[in-house]
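Chain naming follows the written order as A, B and C, and within any one chain the residues start at number 1.
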Amino acid sequence: MKITLEKIAALVKGRLEGDGAAVIEGVNNIDAAGAKEITFADEKHFEEASKCGAAAVILPEGEGKVGKPSIYVADVREAFAVLLKTFTPPLSFEKGVSPEAHIGKDVSIGKDVIIMPFAVVDDHAVIGDGVTLYPHTYIGQYAEVGDGSLIYSNVTVREHCRVGKRVIIHSSTVIGSDGFGFTTKDDVHTKVPQVGCVVVEDDVEIGAQVGIDRATTGATVIGHGTKIDNLVHIGHNCRIGANCLIVAQVGISGSTIVGDNVTFGGQTGTVGHIHIGGHSVYAARSGIIGDMPEGVFCSGFPVQPHHDWLRMQAALKKLPDMMKKMKALEKKLAAYEEGKK
Amino acid sequence: MKITLEKIAALVKGRLEGDGAAVIEGVNNIDAAGAKEITFADEKHFEEASKCGAAAVILPEGEGKVGKPSIYVADVREAFAVLLKTFTPPLSFEKGVSPEAHIGKDVSIGKDVIIMPFAVVDDHAVIGDGVTLYPHTYIGQYAEVGDGSLIYSNVTVREHCRVGKRVIIHSSTVIGSDGFGFTTKDDVHTKVPQVGCVVVEDDVEIGAQVGIDRATTGATVIGHGTKIDNLVHIGHNCRIGANCLIVAQVGISGSTIVGDNVTFGGQTGTVGHIHIGGHSVYAARSGIIGDMPEGVFCSGFPVQPHHDWLRMQAALKKLPDMMKKMKALEKKLAAYEEGKK
Amino acid sequence: MKITLEKIAALVKGRLEGDGAAVIEGVNNIDAAGAKEITFADEKHFEEASKCGAAAVILPEGEGKVGKPSIYVADVREAFAVLLKTFTPPLSFEKGVSPEAHIGKDVSIGKDVIIMPFAVVDDHAVIGDGVTLYPHTYIGQYAEVGDGSLIYSNVTVREHCRVGKRVIIHSSTVIGSDGFGFTTKDDVHTKVPQVGCVVVEDDVEIGAQVGIDRATTGATVIGHGTKIDNLVHIGHNCRIGANCLIVAQVGISGSTIVGDNVTFGGQTGTVGHIHIGGHSVYAARSGIIGDMPEGVFCSGFPVQPHHDWLRMQAALKKLPDMMKKMKALEKKLAAYEEGKK
């Protein structure tokens, strides 16, 4: 897409300084914008604006000149948002069920859905109103997807699992794979049937390549409003509270109960069969090995109050020097003893 | 599904106390069961039974009353299993190759297979008897899947790889992606062709989103009966022994040889080109950086005997206080020296 | 495939010692080769050659006998490569767009492509010359895939993302899933629209199950020649330099800028919004929590110079003993003080 600066100024209702005939082909952040792009600068980035590689800059009305074509506006961020929308062609999908999709027997499909080519909705599944299924999604037998949910390509929702309303699931995520449950006798592991399901409540968002295992019996539950990043593992029979934030590569072992509004930093791990109280924050790479109370800020492995972890890390850095001092002290004391004799 | 308590009592051959006309819509664990569900309680959970949210409880014959409709049976767990089966409608798949699947040239397909819509079996592949391929599976050229194996949606088995009998592979797993092998010259990395394959032996189960890389030459091998959890990485040319348990998010670097019956706790990692002896347990998040003997129980990074790791963790907690004591000691000694002069 | 030793000797232009009629069915590494396979041994592995399970061995001309049929050649590795090629039947794909693929409106497709069954190229996408798309790939609206790129099964390239030339993307990888961006008010998280894209530059290789999130605005960039292993997470708005090596299970948080030629060992993690200088190596499981200069070799969490980390680890091992010594010293000093009184 190519637009002249003059037209851009009109779009954002701004005042143009410079060549209105200059052609802009895109919009970008100030540190990445190239010679055919427009960027924006608020007060804090004013100096960068004159040095940056952009062809033109959007500035707050009242600012000075930056040595390149500029458009002065009342609200810089609003103008930027308008341009982002202008330069990003909108997506458009055909409403309805693609004739190339596979719809099983006894399936219920709501109004205004978009079911794309090669999506599979298996027998007895229920698809709510306004649901979007991208290509190569698999919705298993007796599974349900609630109104307004958006499921990207290559996602699997296994049999009997229930996805709520307005849920977003990113590509290659798997809802309802079997839990990791075996009994072991004479070194041989025998599978424990995993006949439960997964319940994903309303307004949850789940990143790419997330694995949420179905319960052995009953349900693995993801509470409403919880947001999960990429490559997260959630074991069977976990119950995650509402409005949690689970950052990338976290692993939550089976049968763990998590309260509401808990944040797990990236690469955090937990053992299974524990209770983790709500309204807490666990820093990246925490290792949680037992029950935890409400309202804590913890880090480390094994996890401890964040303040203690910082103290321990500070002490650790001094450890090699301390070892030396220790030897010196021992020597001194030995010398005293020698002197006494 | 809705069933009266009376019918449930008949199903589990139990003795009903309470309203037989009460309608039950599901079965659940004692801590999760809701007002329309039935649960069960053994001796240990007898007290919970009276407080729980379930509409009715299955109890061992001989127990007292819990204040809600109850069914008394000889074997509580057996009755629970019967009800789970009753309330979970069974899956049903059409035998045969779906006309919407793609079968390549010179493919061999056994008896009693279920090959679902949009599965792809590429040229020269061999599919054994009783194999199930879910939608969007890709079985590459010259690949083999043994009798009775079950491959869920969105799984990839790349060319020349061999999957044994009764293997279960969960969704979005990839068998036989190229190993991570490059030669570097003047900062530029050149791909080393990965012409080997992956051999998955009989009775292996592999979780969702697992990546097992093909060997540079020869085969990456997963030994029979080994069970792998979600999001595990196994590098090229690894040979994993029989009956291992590899918990979620473990990463095993290339050319690592692992003995039989090794358990790797979640998020464990290993360097490559090492031998890890059999019959061992590595606790969660172990970091294995060299050869390991048979029959150990280790943890930590770098890995060490679990008992040493516990000792070290105990000492670490005391470290900041020890630093203080150290300073006090130094001061005291300095004072002595001062006094001597 | 079955070939006599005599024919093999001719293929590799070698001198045969032993039974030329012996039939070989495969080629393998010296420690894995079985009774129907041929292997090779250079000077270093000469002793192993006589003990190994292979039916025959390829040896350097001039070496002695190893007690089994052998073929002597000038360049052992070259001969091995010839045999690997001989025993691995080559793949063969039909040129063109499969009638079972789905091609959207206004799509541009180059020459000599291979687009396999059930691949989806959505509206307005651009596919360059010589591109290969495996089954179940999804190329989103307005997305681009450059000349000669190879995209394996179940890969997703979301809308507006741009993949360069000669790029290889392994199965189940997702390019352009939404970044993990939310604003939180009264414990409720509201999605920040992620309207940017991902740019994968030329000659990049990306492993299986990798997630690279699209930028909030602008682009997440993977620099040319960078190689990424399996199960890696790269957050929104990251800019990864050229010729980096990112080993399995690494997680790079959003808005992190990485220089050229940086190696991240497996399971490394970084916080977001930092600059990591080029030409550096981070050992496995590094935890990078702030800006880093150029040209370092670091490890640990929090990350530190590798040499310091080794010193700290050595000290840590002695910590429990040091605690004991400390107590002994305190006791001694207390005894002195007692004696003084």
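In this text, contacts are C-beta pairs under 8 Å (C-beta built on N, C-alpha and C of every residue); 3 or more make two chains touch, one makes a residue touch a chain.
In this text, all values refer to a predicted model and were calculated from it rather than measured experimentally.
Participant: Give a one-word verdict, same or different, on whether subunit A and subunit B use largely identical residue numbers at their interface, taking over half shared as same.
Facilitator: Different residues, largely: of all residue numbers at this interface, under half are found in both copies.
Participant: For the Cα fit of subunit B against subunit C, please give the angle of the superposing rotation, nearest 5 degrees.
Facilitator: Angle of rotation between the two copies: 120 degrees.
Participant: Could you give the separation in Å between the centres of subunit A and subunit B, each centre being the mean of its C-alpha atoms?
Facilitator: 23
Participant: Touching at least two other chains at once: which residues of subunit A meet that condition?
Facilitator: In subunit A, 118, 136, 154, 172, 209, 231, 249, 267, 316, 319, 322, 326, 329, 333, 336 touch at least two other chains.
Participant: Which of the residues in subunit C come into contact with subunit A in the complex?
Facilitator: 102, 118, 120, 123-124, 136, 138, 141-142, 154, 156, 158-160, 172-174, 177-178, 180, 182, 187-189, 191, 195, 209, 211, 213, 217-219, 221, 231, 233, 235, 239, 249, 251, 253, 267, 269, 271, 287, 301-302, 304, 311-312, 314-316, 318-319, 322, 325-326, 329, 332-333, 336
Participant: With touch defined as at the start, can you tell me which subunit B residues reach subunit A in the complex?
Facilitator: 27-29, 32, 80, 84-85, 88-89, 91-92, 100, 116-118, 134-136, 152-154, 168, 170-172, 205, 207-209, 225, 227, 229-231, 243, 245, 247-249, 260-261, 266-267, 284-285, 313, 316-317, 319-320, 322-323, 326, 329-330, 333, 336
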